[in-house]
Amino acid sequence: MLDPRARDEILAFVAERDWAQFHSPGNLAKSIAIEAGELLECYQWDQDADPERVRSELADVLTYCVLLAERLGVDLSDIVLEKLEVSRRKYPVDKARGTSTRHDQL
Amino acid sequence: MLDPRARDEILAFVAERDWAQFHSPGNLAKSIAIEAGELLECYQWDQDADPERVRSELADVLTYCVLLAERLGVDLSDIVLEKLEVSRRKYPVDKARGTSTRHDQL
Amino acid sequence: MLDPRARDEILAFVAERDWAQFHSPGNLAKSIAIEAGELLECYQWDQDADPERVRSELADVLTYCVLLAERLGVDLSDIVLEKLEVSRRKYPVDKARGTSTRHDQL
Amino acid sequence: MLDPRARDEILAFVAERDWAQFHSPGNLAKSIAIEAGELLECYQWDQDADPERVRSELADVLTYCVLLAERLGVDLSDIVLEKLEVSRRKYPVDKARGTSTRHDQL
């Protein structure tokens, strides 16, 4: 999915602008929520979103995710794989198949 | 950042549960915003978030980003690099260095 | 807090534009989240938000809350009072006083 | 919509718990976004939300809106009416009628 070049370019972009000073974990979490709201705005009134705008907003969400992971010293692939382990236990295939019901109501 | 194995495991997890039927772009955009809210909750009252909870919520945001990218047929690294191009123009180093001012007020 | 005139003007504004057709509960819930993201953006990098912008974004959140309540046929004061009852039980004064700890960890 | 009793009970609830210390405007803006995410979760996969849960989450959004307005010394009805003035200019009836198009594309 994300190759190391994307991560390196994000970090260089921030370093050149001396922006790490603004990137406390709390500020990055806010930024992810703000950008997620802008992504959602693409789908506010209908499902037919402008593809260019969606790409741009999704990229913003991801960029802040990368920065938060860096700031916390976590590896994005690691945490995704870790969480999948948890989700496999919460949503066993035989119970969860074909339904969007939450695990605590399965 | 994200290696192909993380993406493949996400897609297998969804396929085994037959959940792609719920994953319209609009629903995935909602899901990203919902998970971003849960991530933000880790930092609601102080900056000292529980690292385990942060990892778990950040993983959820990312997982839905991966699913939205798949659904739209876009490559995450591509869109991040594309957006960096735009951001470099909006935030030239000499103007943006050391300030969190928005581009339209620089 | 909100007087009946504010509610009536919101409903007239929507009726004149024939916008109720877009205001499914799900779309209004998205709209609240989108506007909450814009409100949060006022505080993205520092606590010193522009008061005009905050007023405007907070008004947007509220307006969609009013529209959702109308759509669902609920009274805003009623649900606030109802929820306070629940919160009083979850956060008894002697345990919750002076701490931001969540009820399930009190 | 909201009667003064709802506001007074919210303020008493907070005062009894000595929670105003946590309610910086930035923290309240985060709280609104977090609760808006929980409200949106009611509509994550379908439009058929649990009415009890919706009432509860909508009440949470509103409660934090009331607290932010108090903290900033603004009146909720005033800002809603103020914003309607702006929106009437941005969305003139003859152009905006029956369409969900954004004002900058009308």
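Letters A, B, C and D mark the chains as written, and numbering starts fresh at 1 in each.
As a convention for this text, a residue touches a chain if its C-beta (ideal position, glycine included) is under 8 Å from a C-beta of that chain, and two chains touch if they have at least 3 such contacts.
Bear in mind the structure is a predicted one, so any value in this text is a computation, not a measurement.
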item	value
Same-site or different-site touching of chain A by its copy chain B, using the half cut	same
Selected pair, out of B-C, B-D or C-D, that shares over half of its residue contact pairs with A-D	B-C
Contact-richer chain pair (by C-beta pairs counted) among A-C and B-C	A-C
Computed distance of Cα centres, chain B from chain A, in Å	2
Cα-centroid distance, chain B relative to chain C, in whole angstrom	25
Two or more partner chains touched - positions in chain B	22, 30, 33, 36-37, 40, 43-45, 100
Of all residues in chain D, those that touch chain A in their complex	30, 33, 37, 44-46, 100
Contact set on chain B toward chain A in their complex	1-7, 9-10, 13, 16-19, 21-22, 24-26, 29-30, 32-33, 35-37, 39-40, 42-43, 47, 49, 51, 54-56, 58-63, 65-66, 68-69, 72, 74-77, 79-84, 86-88, 91, 93, 96-98, 100
List of chain C residues in touch with chain A within their complex	22, 27, 30-31, 33-34, 36-38, 40-41, 43-45
